[in-house]
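What follows is a pair of complexes built around chain A, which joins chain B in one and chain C in the other.
Now for the complex of A and B:
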């Protein structure tokens, strides 16, 4: 047990993830196989994509509770369009535009009305889901095979959802690490007041982060429905909490200004999916699933907070 | 003076909203649902509305979106509005207690739909499907098919939210039916879904990865079938009945997708909650109470039924998904 804490302390989330892989591999020979690792990648793709969006929002010291509703709304739009014979060439951009517009709406409401992100996105969470339920008449929409093709096709042997995830992670990581916009997000997240005093366009940056978040939620919704083949009225529910958990597990601070997409959020999302996958593979008691997931989140956040406290005291000394 | 147009619009709206019309002598029933997030709930609320209309009653509908406090407030609003009776699908069996007390204090008869209150010491009638018996009968039927095939079967169950008594009872029904047939069925995977389709898809995919020979699958709710079908297709295990690699499939609810899968010959059996019957009982209980008739039993149980390939034609009309 002491060794486990030491490894987690030294290596952080990556250490914990590797430990989980080792543990599940020892528990079941079906776990560490090429096919199952591909499964984890595919299954983690949706969560990773929306967690990338959430990382942008969290880094700016914000929060977005409407991700699941955006996914649902995007899914309903996809269902309505494709079942009416509209081609993927129109349906896919429409989904992305819906996500982007929803994110922009969140950002505009937060900035222009000077409201707390938690409240604004809670309101849009209800509005988005309500609108989706109204449009779908609260009925499940079965999607045509063409959408399922996105979820099951492979390019160069790699499943399309994984390609989309790689693309989103790459773009997100480059924006945060190589662009002025990315650096500004960290600055705003550290302190809005200081960023404003330094002449940074704080409002535009905040709107930009929520727009990025909305866009990622739309892409995540598309990837999820491409695998499910249907949109039910509960689609996307609580996805925002999983995205927050993945980002926080990956070291992104809930208070903004600290964290990153790669490896942080990506490993956070993979860790969560590895737990879900491994517990099913070893046929663990169903009551254990939430318990283990909660314990892992607690462990990593606790270790992280202890390390932060230590760093602070060292810098004070 | 500037406020006058706004005031005029508000008054006009109040007059034109149906709920704000002058009271008439028709009965008014308050219908409260904790959620409308699945087809089952939508079919239920529609059936209750139809029953109210059959009895010549008007109705108000409120949805609490999974918030027990909001549901309590909505019931208080119903009472303040002067409803003659309440039909409620509560969030859970505990948070319904203060709601029953409030209705009892106001002398408004109340029918509890789909859940049994945790305490029986108040005036109410509850209508509930026998989740345990229906899933027991469904899985027994599936097990007989497995036995008839003469091959051993590896089983997977998709479990619902473990905080939901209905999900727990469905799992118990599955376990007991499988235990009766342990000579032909071995449970190799229990997938918790928390009533979440994405989780269900990942869970079934993982289970098939660990046990590629799974050939017996029971879903605790039909609304998880899109995930099941998708995972089986990817694993090349989705074949119609009669195909040598067919996976014996069973579900619970009786929704539209299950009906289609039965028609297309992919689904072997489905435990059906008789929504029409349950809603008829729930509204009738209110009418009886208003006529001073005491219920014979506080909890009325819908025995449900199992629909399968052999009785599909005869019982399809009773399967609510066939009309949805």
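Now for the complex of A and C:
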């Protein structure tokens, strides 16, 4: 246990992730196989995509609890459109626009009404889910084969969901690290007051982060239903918490201004998915999954806060 | 270059500036001093374009000057360096320097930051202020002084002809301040005019060419610095002489030891031996970083430490914590009252009563007598002369720094402490409020309590202490009784090793 602690301390989340891979490989022969590693990648794609969106929101010192509802709405819309014979060329952009608009709405409510993000997105979480249930008659919608094909086909040997994940991570990372908008998010996340004093368009930046979040949730919803083939009334529930956990595991601060998508959030999401996958492979009690996930979050946050405390006491002297 | 004539400013019925005439030439550093509320900020805010004067004319570089807003004032050549730095520690130096004007690529990438241009621009700005650091460093990794310099470098995005420094040295050590002053004299040689606002009169005397004193919205004096002394400036500021500023009463220091510390060691300090007698004011002098605050924190149980013996009124104390000290009657007012000491968003009443609540309740869950508490709070607030509107609605954040400090003092005086540890109690507050705090310290020791006064202002310690202990590099390097006080010897003891270490 102490050894594990030192490794995590030194290598952070990446060290923990590698340890988990090592542990599961020793526990089961079928874990460290090309087939299973590709499986983990495919399974992690949805979580990684929405966690990228959540990273935008968290970096601006906000939070978005409505991700799961956005995914659900996107799924219901996909089901309604495609079962009525609308082609994917129209349905897919529509789904993305729904996600984007939902995020924009969150951002506008937060900025214009000056309400705290937690409350606003808690309200839109219920409203989004309610609207979805109303539209779907609280029935599961089975999706046509065409959508499932997105989930199962491959380009250059790589599954499409993984391509989409790579694309989202790449674009997200470039936006955050290279664009004016991205750098402004860090400034606003550190202090809205200072950012306003420096003449930055704080409100537009904030709305932008929620729009990015909504868009990513829409993409994530699409990737998820393309693998599931159906939209159940509980689709997407609690996804926002998984996304927050992945981002925080990857080192993004809930207080804003600190963290990033690559490697941070990506490794965070992969770690969570590795735990899920590994526990299934070693035939662990399904109830154990959430306990282990919770324990890992504790471990990482604890190590992180201890290191911060140490740095603080060092800088005092 | 800058000329103000008959400037008046009214807020509602209150006239805060009553006809100010002021000139600043190019290559001239003008010191602007006065108590808080004298009108310095109001005057500077008009120059900085935050609001216009009610009456009077401003002209700058030979033309009438009426800035629309801060951005306009900046474009016209006036840069305002505010006391609180507007920097983002999580961004790099170059990003901070050019934040609202990040250079981007052209065409399709016009939202993408051009790292190369950013670096080049930033390097030009850093060169201007003589800071030799990689521009991609995070600002959070810089020292206070370096951050201050980065803030100043931001001014050179434009072509400033006049720079206003609002208390730039408050968070700097002496050595760091000197770096700033060196830069200021370089800028003076380049023909840039500067206005330097500071409570540190020694600094004002050493760097400025001219000193302007404001009092109650009026310009009291405007003299060449060479003709001034600290005493004459203080007289102009407060309208009376400096002896009255440190009204040290020759109280009785008892032979009985209140606190006796042997072999205290903490991170970066010790071993230290010192003691405080009943009714004594013990001054602790040293440079920033000498270990004074660390010593107090270790004694109070805020940081880990080791010791051979700690005696309180002759009794051996092996285990201590802040809560245990407060129970015994020792309290600690930290340097940063805004962060550590106050609930800024709440009014005076809850802030003052906080430490005394247990005294008003018999058991943890028994009811509090709000009237009794309120009455006592009122007494303390009056005793400490907190200037306030009301006790229970206006948040203390609205009070001036001096009054906030008095609120913290009132809270602890209400607990009748035997020992008051004061860490820089007068930092950043005006002379009038300082005087009242000195007065309170005198009252406290007159009643037989003791004060451990940590300060970077040597005059304050000379004026107030019965004994001064000097720290340097984590050790006690000298100790002076009141009759042996010698400013030069004290400074030597504080600076000694630092000078030896310097190349």
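By our rule, the second predicted complex is superposed on the first by the 317 of 317 C-alpha atoms of A that agree within 3 Å, B and C clash if a C-alpha of one lies under 4 Å from a C-alpha of the other, contacts with A are read in each partner's own complex, and residues count from 1 in each chain.
Note that a contact is a pair of C-beta atoms (placed from the backbone, for glycine too) under 8 Å apart; a residue touches a chain by one contact, two chains touch by 3 or more.
A quick note: this is a predicted structure, and the numbers were derived from the prediction, not measured.
*Asks:* Do chain B and chain C fit side by side on chain A after the overlay, or clash?
*Replies:* Taken together on chain A, chain C would fit alongside chain B, as the superposition shows.
*Asks:* Please indicate which partner A:70 is in contact with in the superposed arrangement: first for chain B, second for chain C, both, or neither.
*Replies:* Neither partner.
*Asks:* Contacts for A:283 in the overlay, against chain B (first) and chain C (second): which applies, first, second, both or neither?
*Replies:* first
*Asks:* Under the stated touch criterion, name the partner, chain B or chain C, that contacts more residues in chain A.
*Replies:* B
*Asks:* For A:198, is the partner it touches chain B (first), chain C (second), both, or none of the two (neither)?
*Replies:* second
*Asks:* Touching A:43, do we find chain B (first), chain C (second), both, or neither?
*Replies:* first
*Asks:* Quick one: classify A:186 as touching chain B (first), chain C (second), both or neither.
*Replies:* The second partner, chain C, only.
*Asks:* Counting only touches as set out at the top, which of chain B and chain C does A:139 meet: first, second, both, neither?
*Replies:* A:139 contacts chain B only, not chain C.
*Asks:* Would you check which partner chain A:126 touches, where first means chain B only, second means chain C only, and both and neither mean what they say?
*Replies:* Only chain B; A:126 stays clear of chain C.
*Asks:* Between chain B (first) and chain C (second), which does A:275 come into contact with in this model arrangement: first, second, both, or neither?
*Replies:* neither
*Asks:* In the superposed model, how near does chain B get to chain C, counting Cα atoms only, in Å?
*Replies:* 28
*Asks:* What does chain A use to touch chain B in their complex?
*Replies:* Residues 28, 30-31, 33, 35-36, 39, 43, 46, 126, 133, 137-140, 142, 148, 151-152, 224, 227-230, 232-235, 237-239, 273, 276-277, 280-283, 285-287, 289-290 of chain A touch chain B in their complex.
*Asks:* For chain A, which residues are in contact with chain C within the complex?
*Replies:* Residues 178-181, 183, 186-187, 189-191, 194-195, 197-200, 257-258, 313, 316-317.
*Asks:* Would you tell me which residues of chain C are touching chain A in their complex?
*Replies:* Residue list for chain C touching chain A: 71, 86-91, 95, 99-100, 102, 104, 111-113, 267-268, 294, 303.
*Asks:* Residues of chain B touching chain A in their complex?
*Replies:* Those residues of chain B that touch chain A are 36-39, 41-42, 65, 159, 162, 188-192, 194-199, 201-203, 205-207, 209-211, 223, 226-227, 229-230, 233-234, 255-257, 324.
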